[in-house]
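First chain A sits with chain B, and in the next complex the same chain sits with chain C.
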Partner chain A sequence: MRALEDAGSAPHAVLACGEVRTCLLPARQALDVRAAAQLLGLRADERVLLSERPNLYARSPDTLTGVDCPLPSANGAHVRAVGTVAARAALTEGRVLQTSAYFRLPAAGPDRRRPWGHYLVRPGTVEPFGKLPHEAVAQGVLDGGRHGELDVGLIAGGLLTRLLRHPLLDQRPPLRSRPTRLRWVALPAEGGEGPSIERFTLAEDELRTVRLRVPEGTPAADAAGLCDDLALHDWLLTTVVRLLDGIRLGSEPPSARVGPGTQDPPAVVRALRPAVDHLLHLWMPRARVAKELAPLWEALEERPGFTRQWQALVQRIRDQLTLHAIPTLYREVEPAP
Partner chain B sequence: MTEAVFRETAADPRTQAVPLAHLSLELGHLYMEDFEAGPERLRQHFAQVRPWVDAARAAAAARAGGKRPRISTCFLIDDYFTRFSSPAELVPLLLAEADRAGLVVDYLARESGCAVTGKVPVAEAVAGRIVESPPPGSYGLRPPAAQTGWLANGVRSPVARAPQAMKKAAAWQPPKETAARRHSVFLDVELWSDDAGGHRTWSCPFLAAVWQLARLGLLRNEGEPVFVPQPHTAPGFPDDWDELPALVRLNPRADPFAAYRTCSVLPSRFLPVEHAVRVILDQTEVDRGALRQVAERSAREQVAVPDSVADRVSYVFYAGS
Partner chain C sequence: MLVFAASDKGGTGRSVTSANLAYQRALTGDHVAYVDFDFGSPTAAAVFDVPGAVRGTEERGLHSYLEGEIAEPARIDVWRQTEHPLLRARPNQSGRLVLFPGDAGGGEFATDDDALERCIDLLLRLNGEFDLIVVDLSAGRSYAVDMVLAATAHPRMRNVPFRWLVFHRWTRQHVIAASGLVHKEHGIIGGGVERGHDEESLRAAIRFVRAAVPDPESPLWSQGSPAQAAWMQSCDEALRRLAAEHRIGDSVVLGVVPLEPILQWREQLITEEDVLSTQIANKETLEALEEIARRLTDDSYWGQP
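After this line comes the complex of A and B, so read on.
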């Protein structure tokens, strides 16, 4: 009995890890609330959480995947662990789909595997055999494990693949974009200190890694919620930067312009319009981040300045569209970046 | 969400609690053929059950540490696999035979209620909660249990392929129970079967696992309790099984239906079925809200409840078929 009570609190987790996949929903139209609930109804008996303030948001119930394998570790230590990894999916404004898999690790566990029912009443907890070298494992997770080691990205990716096949999706996204992955670890903060982001790295093209310090007792689900939010906004920045990168502003041949006999909007307008239709209203940092972790956003606003960059991008898109709204006759010079 | 000032009900997971007894004691779990054999069979059954019921009550009283234990009794009738007679004919007979042995049936349940209760597809929902026990080496790939309709307590023996020319046939490899102590007792349970028309029939062990979860107060549908006992107010019983509620409270003064623990007194021919039930329960993730409520309530009452759900279930198998 005590053990179950303790499941939520002690033994305290000394490490939480996860991975978030973020992508544009491959559908012409954003999904409304009801369709979102259908897409994310991973369990027949559990409600999809739906929220309309401050933006439309739907989240699936958690599903579990059982694991029994070595943990990744930076120093090559071989630590077997058994337990369950939690995974869930979320849809923001019916447009951006995210799957997030995460688990927490206590400081130590018994030297042999317990009956499976023991692990199932501790959802999202993976217990190490013996003592957990948490710093080495944290780095191992961020670096990406070797084949056969616990792969939380595989679980997030598997859920995403499953959702992307849903018949509700017509596979006609309104703009080109690439999915991103954000891998994260949360280590305990030094005695009594508040939460902090130690490092946010744009690793490869689509991979980001985040290293957090959180106060003892911070639920892994809260850390995952923060990282979902970071991943969503990082994806928005990445996608809009690419969109602007891909078009040549101000250098179109006159034939591409609105002119007599043609109703086609200019290529720039055609390229930018999906961003206005589908992305620009999605920026809303901290919308659902736990109060205790919300201050972490401020560090990112300070440097590199997520919202600053976003506002500059939005302004650029609006300026371009404004310029193209002015008839050519009155333009002294071509619109330039 | 994060601010308590603003709340959205659809954004707040909520689980309704159910009243809980200490022990749910099952007096029988009979199939239509048992009834077909006539009142004599029922009489024998209850006569054999009686001493074990007394023993189970005494054990529950000892666990309650001096306080009066809350114990409710229940009886499950199979109306899912075969239909026979009618409630109007069978239920009075059943109650009379129980009474003759000095037993009171507090709650009567229909097995088809474990498949679908009202409009709630209970069995399907429970099937969606199976989280397979990972054999060593599972690093994140999801095992395809949900597709095959079978659930094992370990790793199956590799499929023997027809030997190709010039190649030797692969040597047979044994299956392996994941929680084996040195030697395996491997069990592979069929959860359901689909007919050509796509109609799904749940297996007896699977419905029995759902029945155990109902008795443990761990079933919810979107946070609402699923097996809610309906009072029996009409003078008699209906002529059609479908008109009988899935769970009827026959004794108005009965302790709550759901309980911290269950005990079932069954003839020993049920042993393989109940082994399968344990394999299923051991790999089913129950509603977290319900699990928490049971943990909190039992802690307040200072009643010890085993951590793992499968360990909350116990049996007495008496000699017989």
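After this line comes the complex of A and C, so read on.
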């Protein structure tokens, strides 16, 4: 990818955009390396990237989708663009499935459509007809385009649907959770400055939007990799927060209490157990973020403090489980009047 | 858990009762989806009091999704988007309650293999997200019924538990019709077996709900003459015998919803407020709905120890 960009005659990208879908893999057991490779083998001619350090991670080869349609834009400008959108899927610790679609846009393109061969040697590049109003298009992408405009989320969603139909999956998720979407754009940083996150918003229940500034020449695949990492950790936080929201603390009603002779754990333990089994060990920010973009995480650690919140959640789960390890007699003390 | 709500005829209270069951489960903390596969006449918007929100989804409902025109069907967060003042204050500790509306003006349509695959995608996705998914199906042996029978027989759905509720009113015609819908040659069981279901387990997953049942003991009828009371009593007995003969007797009834005047006037959710504060609804109705909602997942009511 980088080699192509360096060698190619295409001008530098002034905008990269993408969308990431993140969800729990709907299978009772996490997939091992071999099964992960089977799930993500999207192309016969290219191998799945597998890595076991610092955590188990598998990534599919890129697939390309040809597009020829108007770009979304915030000011209503009509810009037709032609090219290919790259999409890939990744599985972290055999448990969290992500699909990610992205493309880069040069500042200007030819006024008429070229033969497909031209676009095929520039994978993941979409060329505008004429000059690209990159600010308006960036905002248009984040706002979500209208019907018929280039929708990178549709491509990520389509790939996810395809993967979820795989016969390897037994469709028995160990806990209830909601998929999230993260839409991102990366604009060039002002002369010589380092990368920065201009905005990170929780737009709707399941939608996050991220606006980045990256140094010129940053490969779109690297920006996508950073956003995959953000999406993964945002999903983990969201999922564990909701899990804790859903439990009722304190003593249980008598009907739900453990009777003599039964082996059922209390409801709180039943609810929290899947987090311990499947989620708590997944937190590993920056594990696969390009070195140039890794500093962006530091800003998020400062505010809102991703890892700080995660540690508080983990501690809360452990405290709850510890509390339930104490015999009921001592745990459920009625408050004094 | 998937729960399919079916009925042979319209006007059986299927939609309004199943919406109330969804509401009751959400109150107890479950995350609940209500999927409107009543393609002939979607009424869920009225029951959940979200007409304004549904108007914005005309082209993005379940028809458009199943026909492949959109990648994801519209969803309406009932607590947030309802115009019902009591519902908007989402009760503490309640779960999510999300409506998946049909398209406005969409009718019944034949489903092909692609629509079936998309239906399975949707049900599986919801199964990963919600504790309970109530699917309201068009009356009779509709395409909607065929589609979910085929979907639940599909290998991808083999690990997703499902149950059926068949709603009928407490009259001769309705008892016979409800039995026919399930037991006749091409009924739910027969149609299910044709699509690969095991007859015994499908039969075991079907229960009946008698709706709008007049209770002879109710104060509603206390003004009646002794002759009327005796007549009602004997009708009730005769209907019970008829139901038993048609294999929909008490042993396969999940619950009985009493005749509720306000539901005769307006299809709506019955809230505690309606019973306790304004007293426009009967306590018995609310209790019946709460009890049926509870029994949906109580295995002892489904022939499992």
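We take it that the second predicted complex is superposed on the first by the 316 of 337 C-alpha atoms of A that agree within 3 Å, B and C clash if a C-alpha of one lies under 4 Å from a C-alpha of the other, contacts with A are read in each partner's own complex, and residues count from 1 in each chain.
Throughout what follows, a contact is a pair of C-beta atoms (placed from the backbone, for glycine too) under 8 Å apart; a residue touches a chain by one contact, two chains touch by 3 or more.
Small disclaimer: the values here were computed from a predicted structure and weren't measured.
Q: Clash or fit: how do chain B and chain C relate after the overlay on chain A?
A: fit
Q: Quick one: is A:Asp170 in contact with chain B, with chain C, with both, or with neither? Answer first, second, both or neither.
A: second
Q: Between chain B (first) and chain C (second), which does A:Arg248 come into contact with in this model arrangement: first, second, both, or neither?
A: In the superposition, A:Arg248 contacts chain C only.
Q: Touching A:Val85 in the superposition: chain B (first), chain C (second), both, neither?
A: After superposition on chain A, A:Val85 lies in contact with chain B alone.
Q: If you stack the two complexes on chain A, which partner ends up touching A:Pro123: first (chain B), second (chain C), both, or neither?
A: first
Q: Once the structures are superposed on A, label A:Leu64 by its partner contacts, choosing first (chain B), second (chain C), both or neither.
A: So A:Leu64 only meets chain B here.
Q: With the two structures laid over each other on chain A, which partner does A:Gly158 touch: chain B (first), chain C (second), both, or neither?
A: both
Q: Applying the touch criterion given at the start, work out whether A:Glu46 contacts chain B, chain C, both or neither, answering first, second, both or neither.
A: In the superposed model, A:Glu46 contacts chain B only, not chain C.
Q: According to the contact criterion defined above, which of chain B and chain C contacts more residues of chain A?
A: Tallying touched residues of chain A, the top partner is B.
Q: Measuring by CA atoms in the overlay, how small does the chain B-chain C distance get, in Å?
A: Minimum C-alpha separation, chain B to chain C, in the superposed model is 10 Å.
Q: Please identify the positions on chain A that touch both chain B and chain C, taking each partner from its own complex.
A: 154, 158
Q: Show which residues of chain C lie in contact with chain A when the two form their complex.
A: Answer in residue numbers: 29, 31, 71-72, 77, 93, 95, 117, 121, 124-125, 127-131, 155-160.
Q: Using the touch definition up top, name the residues of chain A that touch chain C in the complex.
A: 23-24, 26, 154, 157-158, 161, 164-165, 167, 170-173, 176-179, 205, 246, 248
Q: Show me the residue ranges of chain B that touch chain A in the complex, using the header's touch definition.
A: 1-3, 6, 8, 10-13, 120-122, 124-126, 128-129, 131-142, 178-179, 220-223, 281-288, 291, 295, 298-299, 304-311
Q: In their complex, what parts of chain A are in touch with chain B?
A: Where chain A meets chain B, its residues are 1, 3-5, 42-47, 49-53, 64-69, 80, 82, 84-85, 113, 115-118, 120-121, 123, 148-155, 158, 288-291, 294.
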